[in-house]
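Which chain is which? They are A, B, C, D and E, in the order written, and residues in each are numbered from 1.
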Amino acid sequence: MTALGGAVGLSVLAYLLLTGLSGDQGQVALLVVVWTIALIGLNLIQGLGGYPNLAHAAFFGGGAYLSAVLLDTGLPMTVAALLAVAGVMAAGLVVALVFSRTRGQYFAIGTMFFTAVATLVFTNAADLTGGPNGRPVALGYSLEATVVLLAASVGVGLALFHWASVSRFGDRLRAIRADEDLAQHVGVPTSRVKLLAMVCSAGAAAWAGVLFGQYNGVVAPSQFTFGQSFLMFVALGLGGAGRLLGPAVGAAVVIGLTQLLTLGPGVSQIVLGVLFILVTLLAPEGVLGGVSALARRVRAARTGRADRSVRGEGAVA
Amino acid sequence: MLDVHDLTITFGPTTAVRGVSLTAAAGTVTGVLGANGAGKTSTLLGILARAPRQSGRITFDGADVTGFDTGALVRAGIALCPENRRLFPNMSIEDNLLLGAYGTGRATRRTRLRDTYDRFGWVATRRAEPAGRLSGGQQQTVAIARALMSAPRLLLLDEPSSGLSPVAVDEVGAVLADIARDGTALVLVEQNVRLVRALCATAYVLAHGQVTASGPVPELLSDTAVSDAYLGTTA
Amino acid sequence: SPSGSPDSDVVKVGAILSLSGIYATLGPAQKNALQMGVEELNRTGFTVGGRKRTLEISYADDRSDAATTGVTALRELVQSQKVPVIAYGLGSDTYVPQLQRQPVPMVNMLDSSYPGILGLSDHLFLTRGASPTYVPGCLYYAKRKLGTTSISVITAKGEPYGEGLTQLVTKSAQAEGVRIAANSEFPLSSTDYSNAISAAVAAKPDAVYLSSVTAVILPVLKQLRQSGYTGPVIHSAGVNPNQAKAILGAQYDSIMKDNYDCAGTLPTTSQDPAAQAFAKDYQQRYDEYPQDLTMWAHDFPFIVAAAMTKADTVSDPAKIEQALKEIDVPQGTVSGWLPGDGGRLFTDRNARTASEVTAWCPGQDTLRSAMVFDVKDDAVVDPTFPQETCG
Amino acid sequence: MSQVLVNGVFLGCLFAVVAVGLTLVYGVMEVPNFAHAGVIVLSAYTTWSASAAGLPFALAALAGIACGALVSVLTEVLAYRWIIDRPAAAPAVALGLMLILQNVALRLYGGEGRSLDTPYDRVLLRLGGVSLSGVKAALVVLAVVSLLALHLLLSRTSLGRAMRAVAQDREAAAILGIPMRRQYALAFLIAGVLGGVAAIAYAPTFQVSPYMADEVLLSAFVVVVLGGLGSVWGAVAGGLVLGVVEGLGSAYLSPAYQSAFGFLLLVSILVLRPGGLRSTNARRVA
Amino acid sequence: MSALLVVEDVVKRFGGVAAVDGVSFTLDAGQVLGLIGPNGSGKTTLLGVLAGTHDPTSGKVTLDGRTASGRGAHRAVSAGIARTFQTTRLFGTWTLREALRLAHGERRGRPGWPDEQIANLLGLGDALDRPGASLTSAAQRLAMIALALATGPRVLLLDEPAVGMDGTEAAALAAAVRRAAGELGVAVVVVDHNMQFLMPLADTVLVMAAGAVLASGTPAQIRSDEAVIASYLGEA
């Protein structure tokens, strides 16, 4: 099981990065890990199902805020975390019900607006959320425990995703992505599948939010804007939507670039923009897709057979 | 009118058309026959510069048009009624028809529109509806009408009878015969043998991207080898 | 070079400023003033542990987003650069959890948010009078000098400084017996304020109070004037003439007419010669009208030097923090501190300056002092009214 | 109440002009054109710097519109054109372009707000209890004129018809001899012009800054969906409805949640009509 | 024993227009019904109602005595009704094998052929591992039928399956449909304008015109029906 091996390996790597790095780099490591967890969820609905879900930052923030609020009511951290995740999954269900009849860009813009409204709530419901400046988060887990949970979540998340991806659920989602009407006509209960994917996706985002809040110590509306949703969406695409490791690669690329490029105000952003475009143009299937295409070409060149007819898609990287 | 010489078309690893040569004269209907995947559609697309040509020279009306892009070919007087109709589903039927006469003056477009409505009466009654709502056969009729809107001197038709009821096939056949009589050159890709018989004087048979037989239609169709191999049991 | 002579040890401290984003009217000016202060300090340097030292500031931009960029910058400064003290502007509450994990004294040069930042953490110091110390002056002045009996308040919702101001204005208005004619809001991110403005003006107030920072209120002010309102406008944004010109455009002079600003004392209107000299230097060097906050920023290096000297360490945050609490008003500072108990700079981590109401001088691109005052127990004390002359 | 309506209509016109630019590009290329914000910003700055350099306002405005058109076409030629067959890649490219354009503006002009002055700054229209400032009235007029012009172009001219055709089936349009490249460039050109119009029309009420278009763009995207992707009249109707609903909600319920009212509107419309107010999708599932 | 599929007075309106206007018929297991009629007479729409693509405006469809209409396409499939489309629809980038596996997975325990056998039956053995989009247009139409068969239908609805096929190919297709009907007892409704293909294949033929049933009977009866000749078959 190379997939499982990879998942465990990534967990270990995540742990080493989180404990080994500090300051700026530590922050980058944290964000990469947190985003990876959130993007694993997104990889279900968007990667496999092809639904551009821009509510992800709202779910992410929902988990962070909700767990912080619940923790302050005196609940044990684990209970607060589970309740927060469950609450966000319920919200995910509602969002999915509302927008499940819409497709493509309609879905994208509907969910994007949902995030915009969630950000409004985070900003304005100051009694609960601390308002625009954010809300300090009490320590529910020790910092060490949080780091272990973060690292473990990456592995568990990837394993779960792999399992979902090779199961019938994964096939059904891929079918929805390819042609939703046709999928219905070969018997796929599309609405139910979409709802389930959206709810799972929201759950992963919420859990990532819980851990992010614990680690960062403060959550603020600016961390959960529709811009973040959009960035997550792009990250998954850049990493390789639908591929097992797409979330990790996408998170590393986007977070790494946004946080580590420091060429002065403006310039970093311009370079970032150019890089986004270049990666998109050069690697249509994301970085992972590009890598495997390159690997294929190298292998073909080495064996002397320029086998250009190979056209895999939706494969698990 | 049309002279295609040594046309070769490849899609990546697949060679769809290999060295096909054919001619079509004004006022006649030239058939292109062949089994599925023989390269008929690709040949028509190649003529109109819509498929990647590896080789081939195309002469139209005495002029070498090999290097022309599709726009220039259309302006020169070539029109294609494509496989699968390809109407613009969200645009009105009338807009679809008008697009067939893209690049002509407003007055011309209006006249031709009126001619089309005269020719296909029911189309006029539904002209404001989105084309995507029509039934398959109705769309096919509109697609043919759209191709006629440019008043082409060379009309390429890719299976115009598909989806049409037998009566409608006869009607379309009559229209096409009219057009040919008026001096247009027609190239007809068709599986409907009855239509081929009715319209075509000569035909080419393609197999695996190559011309394997050509000549007057009655002779071709009576050649049992040809009919068995490429046309199935003829009726 | 500005960072000292080669034979001195360079001490690095941090500064987290809003160099971009909606608070970008504040950060760059602070950076300018900090730079002036550092250079002045380093001309002579300071001595700690028997060695001559010079100061260097490591600047970070919080992009007006303390919770995300600011916290990251704080971690970076503390964990990687190991700075022993940090100057900063806005976002105090956001830094508290990180301060709990890794304490470091943080000296605030700007944050006036209501009800105050000092209760958030023991590691925070405030070098200025906060909004509760100057907002009561707005209403006091409006009532007595402008004859205001009713006022409409327009608030930027989702902008903490503005939300705090509105609470203070409401409270002070009550205390002064000024009626709040209307209380209208607009979301921070919006670009059209017509609903808030119509509601405020429809109540026919004697004056309008705009609650938020410069970059936010000036466009509102412009639309307010475009909508036909010509009455007095009061705010606590610290608008300077350069900003007014840039953001308001050609009509700025008429738009700024009848504008009153209550905030810290301005270096340009100050009676203190040190402050006046600083104002001149600053204006000459940067071709920009200095805001109140420039004085506090300018003084930060001197405060650090004094604390390090007293603590006899350049690296131990805890000792430096303790020393901050004990130092007197340092030499070379220009802010005009109101000294606390025993001449100390900080009383309960709070250093205060007098507050001021300024008024726009039409046709002169400058501000005049209309009232200088202090506030005790939410009430204005010791008001003085300079001659009403411009320039 | 009537003042709130007037305010809403003003906002609606602004949303509509921006949204129509988006919907046009979406219609032709299936691109969610976030870079439109950057186009607006650069147009506004160009107008600002031209008038700061002493050009009369009308000329400065033309310069701004020209800049919008140019930048918009450049985004197409340099970026979008290369992903024409991959709509899924469009969001990443759009985000990249938005970052580039906004930050180019930031580098060139700095982050502080700038005021754009117009000759009609001091005009104030009053009718009964309702007033509308000259700059806003000018926006309404500009919006109506440019949208009408666009409508005529799209519905009455061969060019407009061809543009809609390219939007629906590129290959079929090509077969009819319609030059696709030119249609794309044209769509972006028109969108850029509209972006420029939006910029010079509303910058005077607000300020010129690299972030001036962010909020408007979000609303405009909602308008695009409300109206049905690719539908110009839908965008106009959607813009007005959104402007008025948000205005009423903010005036009578809660200004802080202004955009939430738009969201509720969006949700209710999408639940009733998943294809938007003016759903144009006539594709059959058969 | 009553019929497998019972269609009772089905009406389907789009806006004001009745595309299907009161159609009734019954169909037994293993039977092949040919459905013909002029363009726009409502054949595709009728199939859509049977397959759950459209909800009927009125009337109902029962399968084995249970109502099957108006509950969405995937429920129709799980009840045992599968259809193909008039214009080709496939999961373009999927290989045929992947698509069949999906359809097979939704079969819900009904008996049916394994994927390989379905592919071989339709002459698609070589195409199993190629992406759908790379097949020729006729192969794509066959693949669509394979997909429908893989769901293990009891009623199979085919919309112009022989379009674009030459005589040999159409004959092979007819044979395959016959086998499915015979060996699996699938009831088949097939719409096509190719009479050489349809007439030999159908047990009974139903003719629609303007949404309603114009005539029904054996192929021979239909061929000689005056009204059908006038409106549909022509003088051929």
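Throughout what follows, contacts are C-beta pairs under 8 Å (C-beta built on N, C-alpha and C of every residue); 3 or more make two chains touch, one makes a residue touch a chain.
Model, not experiment: these values are computed from the prediction.
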Original post:
If you walk touching chains, what's the least steps from chain B to chain D?
Top reply: 1
Subject >> Required minimum of steps from chain A to chain D, each step between chains that touch >> reply: 1
**OP:** Determine which of the two chain pairs, A-E or C-D, is joined by the larger number of C-beta pairs in contact.
**Re:** C-D
**OP:** Indicate the whole-number Å distance between the mean C-alpha point of chain A and the mean C-alpha point of chain C.
**Re:** 40
Original post:
Taking each chain's centre as the mean of its CA atoms, how far is chain C from chain E in angstrom?
Top reply: 77
Original post:
Measuring from the mean C-alpha position of chain B to the mean C-alpha position of chain E, what distance in angstrom results?
Top reply: 29
Subject >> Junction residues of chain B - those touching two or more other chains >> reply: 133
**OP:** Can you tell me which residues of chain C touch two or more of the remaining chains?
**Re:** 20, 157-158, 187
Subject >> Sequence positions of chain D contacting 2 or more other chains >> reply: 106, 111, 256-257, 259, 285
Subject >> Residues of chain C that touch chain A when the two form their complex >> reply: 19-20, 61, 65-68, 71-72, 75-76, 78-81, 91, 93-94, 96-98, 100-101, 113, 157-160, 163, 187-188
Original post:
Considering the complex alone, what residue numbers of chain B touch chain E?
Top reply: 14, 35-37, 41, 83-84, 133-138, 140-141, 159, 162-170, 191, 193-194, 228, 230-235
**OP:** Flag every residue of chain A that touches chain D in the complex, lowest number first.
**Re:** 52, 98-99, 101-103, 105-106, 108-110, 112-114, 116-117, 120, 123-124, 181, 226, 230-231, 233-234, 237-238, 241, 265-267, 269-270, 272-277, 279-281, 284
Subject >> In the complex, chain D residues that touch chain B >> reply: 158, 161-162, 164-165, 168-169, 171-179, 230, 280-284
**OP:** Show which residues of chain D lie in contact with chain A when the two form their complex.
**Re:** 26, 30, 32, 34, 79, 82-83, 86, 88-89, 91-93, 95-100, 102-104, 106-107, 111, 218, 221-222, 224-225, 229, 256-257, 259-260, 262-263, 266-267, 270-271, 274-276, 285
